Amino acid sequence: MARYDFASDNTAPAAPEAMQAVLEANSGFTAGYGGDTVTARAADLIRQLLDADAEVRFVASGTAANAIALAALCQPFEAVLAHEHAHAATDETGAPRFFGHGLGMIPLPGADGRIDGAALDAALAQPENGHVQSPGALSLTNATEYGAVYATQGLSGLIGAAKAKGAGIHLDGARIFNAAAAGFDVVAIRPLGVDIAVIGGTKAGMPPTEALVIFDRPLARRLDARLKQSGQLPSKGRFYAAPFIGMLRDGAVLRHAAHANAMAQRLAQATPFKLTHPVEANGVFVEMDEATHRRLDAAGWKANRVFDDSVRFMCSWATTPEAVDDLVEALRQVR
Amino acid sequence: MARYDFASDNTAPAAPEAMQAVLEANSGFTAGYGGDTVTARAADLIRQLLDADAEVRFVASGTAANAIALAALCQPFEAVLAHEHAHAATDETGAPRFFGHGLGMIPLPGADGRIDGAALDAALAQPENGHVQSPGALSLTNATEYGAVYATQGLSGLIGAAKAKGAGIHLDGARIFNAAAAGFDVVAIRPLGVDIAVIGGTKAGMPPTEALVIFDRPLARRLDARLKQSGQLPSKGRFYAAPFIGMLRDGAVLRHAAHANAMAQRLAQATPFKLTHPVEANGVFVEMDEATHRRLDAAGWKANRVFDDSVRFMCSWATTPEAVDDLVEALRQVR
Amino acid sequence: MARYDFASDNTAPAAPEAMQAVLEANSGFTAGYGGDTVTARAADLIRQLLDADAEVRFVASGTAANAIALAALCQPFEAVLAHEHAHAATDETGAPRFFGHGLGMIPLPGADGRIDGAALDAALAQPENGHVQSPGALSLTNATEYGAVYATQGLSGLIGAAKAKGAGIHLDGARIFNAAAAGFDVVAIRPLGVDIAVIGGTKAGMPPTEALVIFDRPLARRLDARLKQSGQLPSKGRFYAAPFIGMLRDGAVLRHAAHANAMAQRLAQATPFKLTHPVEANGVFVEMDEATHRRLDAAGWKANRVFDDSVRFMCSWATTPEAVDDLVEALRQVR
Amino acid sequence: MARYDFASDNTAPAAPEAMQAVLEANSGFTAGYGGDTVTARAADLIRQLLDADAEVRFVASGTAANAIALAALCQPFEAVLAHEHAHAATDETGAPRFFGHGLGMIPLPGADGRIDGAALDAALAQPENGHVQSPGALSLTNATEYGAVYATQGLSGLIGAAKAKGAGIHLDGARIFNAAAAGFDVVAIRPLGVDIAVIGGTKAGMPPTEALVIFDRPLARRLDARLKQSGQLPSKGRFYAAPFIGMLRDGAVLRHAAHANAMAQRLAQATPFKLTHPVEANGVFVEMDEATHRRLDAAGWKANRVFDDSVRFMCSWATTPEAVDDLVEALRQVR
């Protein structure tokens, strides 16, 4: 039987706190399209979390939320600076260029999914001409695709360099709570200069939902129209807002993220395979040859080979210590 | 206090059968992106319902589902034939032309939201030239925006005319269960020649979910990539599939739709305002001047003025006879 | 034998002054992509003509130039206010929504192709919500599609109303020289508040070329990249710039436009058919039934039936008095 | 004084045979939008040249023609296989993804601008999934960006591999006449399986014009509408068709291309710098450090550094032996 415990952090069910809030919200008639009190309260909780004024919307898809954010920051004839293995660059079937009407991607290298500062500087220093898509936005991911966590200072340097050249700043926070549980201060997001952030609910243990957070009010002009046209203005908005209430109101989301991170540490310490990245959040990346990977798969454990050729194991709020131990046992056997 | 009971059929909470299935599905780890058994079972139920082979996907947004369908059927330099007051033409902030990269709309008249056959014929008979967007698809809505239900024969004529000119056929089934409860045979959809149908879950009483049903396999080529790029390939697919299981497995969805239709009849019979359309499904449309509408609003009852200047009252699975009677009382007072 | 003398103002050959300048420019090697001295000089002549600072580019297509202008002024989730029979709204196969990624059109009525002020005010007064595309730009055409010429004051009112709501202003000047020859002061364009104008060369008697004039420098950010991505940054730019030099350096373009207008007057005075619009520029519009139109066509005279059901005769720099007289004779015979 | 003789093959003026045909065509009134006899004759000449049935249109821009071709062959959620340094991949500001609504590019390596067969096979063998843009089209360039010429057999292998996977085939023929003059048989294009070719006029010595050649009739459905929407249906079509008549009717285009190639050979044999690619067509690529390049530039000779870090010198129909000798002298001095 196939086990998906570590295939991704979205193979887990939703956490009880999130579901409880959905059930609570599912009562009575309410205004549609985000005009309801559940949505209003969830937006307040997001603003509290980030200690910042912002337009907040709850949407169904992280892919769409990120793509819409990039389209808002970047003209079609401009390009997004992103880590070469960022989700937006590699794993979203070109969604940013679909929503962004042809915008380009400038892939940047960097260890552990963090953008290398010198590479960013070099890209920003490229002379402009009409034949290339010059940088319109910088996209950052925290925690990174390789389970690393940016320090505030690291982000500050990247953001400063990009803003100095007029680029807008996007933060893909699909795993922002894992970053937070690892020490990243989410209150720093706005002062750092981020223009639009996507605060991920789905991978944090909620049913599908993402918070799109626009700090710059001019960027939010006619935002509901933008979202509606993009298929991301839910009529029954409470279903996307309520999970955030359940997970934010008493801090469950951070407890769950800390648990996921701890499970990753447990796995990292016990895996017989060589780690390819430091384990700072909820992902464990190892060196594993194809034949071994196939044996692991045959043994029922699903795991993905990712862009740097590592095999990836993701932990979530629902990962149990027993599952980690079972996996470790399986890893030993297939080795 | 504002009452949203009749503002739309999406102001209602989700029905217990749908929520129960979500809770059942929310257990254990499972493959992401629609590779799970919940999704497989729900797709089977849709195929059973329609008695047809089809690719079925569950997505978050009806706006997106319809726009993606139209983009699949129609080139950017072609146009969609649709009722002039169809949702896709009037109420989706241009989503079809966003997803369809500039496709056009050819608005057609017709009583009660049904496309007039002669008007369709005239549009199809227009000479083609390079300066106009000629018809690439016909979009039908059943039940219509004005609460009418197409008979199979009526659809047959429209579809035949459009197909004879090479147009693809799209069915917006946001309220297909209300149509079904009113006598429309959903098993006829495929034989009628529909290429892509959107079977609406949200307005039928589910948490947000829509089934995208593609009968033509060639149109479904690389469908997951199409959906992913469009922000409509949910990672936690079971949350969009489960509600259909809960509502289809024992016929709840039709019972609920029949209830909604019955509530509309109850309202239609008691309203002191003149009906502007026959009440065949779950909507009641009346003639009401602005001042009266404002009084009704001030009395707490939310209702929308729609494109033909009617004021609209929508009933849903959750509409109670008491609410209908309360509304009727209020209508009498504001009159 | 078919005669195209009056079918459009683009059925004429290019005027000798334009061709002479092309031949002069076609000498020696030069920088590509608009970096040449011919382009620089033509841009200076345009700025002189308009007595305004502006970014000026020469492109191949008026359809593209107008669509690019609208895409620069209007977000995809916004709409362009335009006369219901404006070229951009009716005759460009949806080019504005293709280049503008789904932007909408709000068609406005108005006599003789001029937008009606009250209709514009009503459109601007529509309440905004997320379900509709609200106005992002106003598109004006002078001379209008029906051969009328806006007075400066008329434009001023329309532009003021639109700008007060935050809309950008686009001027389609495909026949701006005909308007100028009829008394419209092109120096007023910038003070009136136009943000982007397209100064038409093709219909004025040049080989294909249009000047895209962007008065607002921020709108011109990375303009060459915008044009290159849109297929409108010619490598051999001098071929699009030179015709403007030939036609502007000694005023030939206005002489030719005045001639075209005079030929329209000659036709208007002699036509046995009822005029449907006042003849202010180079077009003559008449009432003509289908059978008569077919007889005229059979007699060899090509003319188009346009959106208001008039039959249109366009005059150009190349229209001869003899051709007008021949046409009048033919009109008398088919009547 | 700056000399642009070798900066590109589009810095040259248009050849006398092309201009002569333009002047001949610029006479009398004619149907617009490609309905004229000049356009019909030029299309016949193209079909004769290629010995194939095809829809032929003449457009202003090679960037647009190639992007439109790719958009016709490839869905937005698919990708174009192209040489990593192909013009479409590197030098068109993302035009293919703008016209193609977000289509992707899969860059392939290969010596001298020819796509490496093994790399193509590997790309075609990639497993498909919904998260990546799988190949929808193969784009080939002949002569290549690095002045090499594909042999028929080489193309055959690449095309066969791509077609076996369902990809459409595009040929960017911006320098097809240089390839032909070097021995490539243009009559082989259709039998090889190319679906859409762009036959370049501009770089071959014409004023701006490109022939879009669609061999597959179904791909040409509503082609004029496609072109009009994309801003590439010229009203005065004769200006884009005539140059091909002038250059094709007596073989001038091949004579000019042979001359350009010969000039490249003359330069290649005399340059004191190391060649980085074999000189098979009209481009010469050399190794040159930055400081030397700057000295050359200061000496007035314009030349571009290209993607593989070579410095490029392009010859054209207008390149004189004296200019080659002058350049060689300058190269010796700056060395």
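First chain written, first letter: the chains are A, B, C and D, and each begins at residue 1.
The working rule: a residue touches a chain if its C-beta (ideal position, glycine included) is under 8 Å from a C-beta of that chain, and two chains touch if they have at least 3 such contacts.
What you are looking at is a predicted structure, and each value in this text was computed from that prediction instead of being measured.
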Option reproducing the contacts of C-D, where over half of them reappear, out of A-D, A-C or A-B: A-B
Distance-maximising chain from subunit A - centres being C-alpha averages: C
Centre-of-Cα separation between subunit C and subunit B, whole angstrom: 41
Rounded Å distance between subunit B and subunit D, as computed from the means of their C-alpha atoms: 48
Between subunit A and subunit B, centroid-to-centroid distance (C-alpha), Å: 32
Interface hub residues of subunit D, defined as touching at least two other chains: 76-77, 92-95, 98-99, 101-102, 130-133, 225, 228-230, 233
Sites on subunit C touched by subunit D in the complex: 2-5, 7-8, 10-14, 19, 22-23, 26-32, 60-65, 67, 92-95, 98-99, 202, 207-208, 225, 228-236, 239-240, 302, 318
List of subunit D residues in touch with subunit B within their complex: 33, 75-78, 101-102, 128-134, 222-230, 233
Subunit B to subunit C touching residues, read off their complex: 76-77, 79, 90-95, 97-104, 130-133
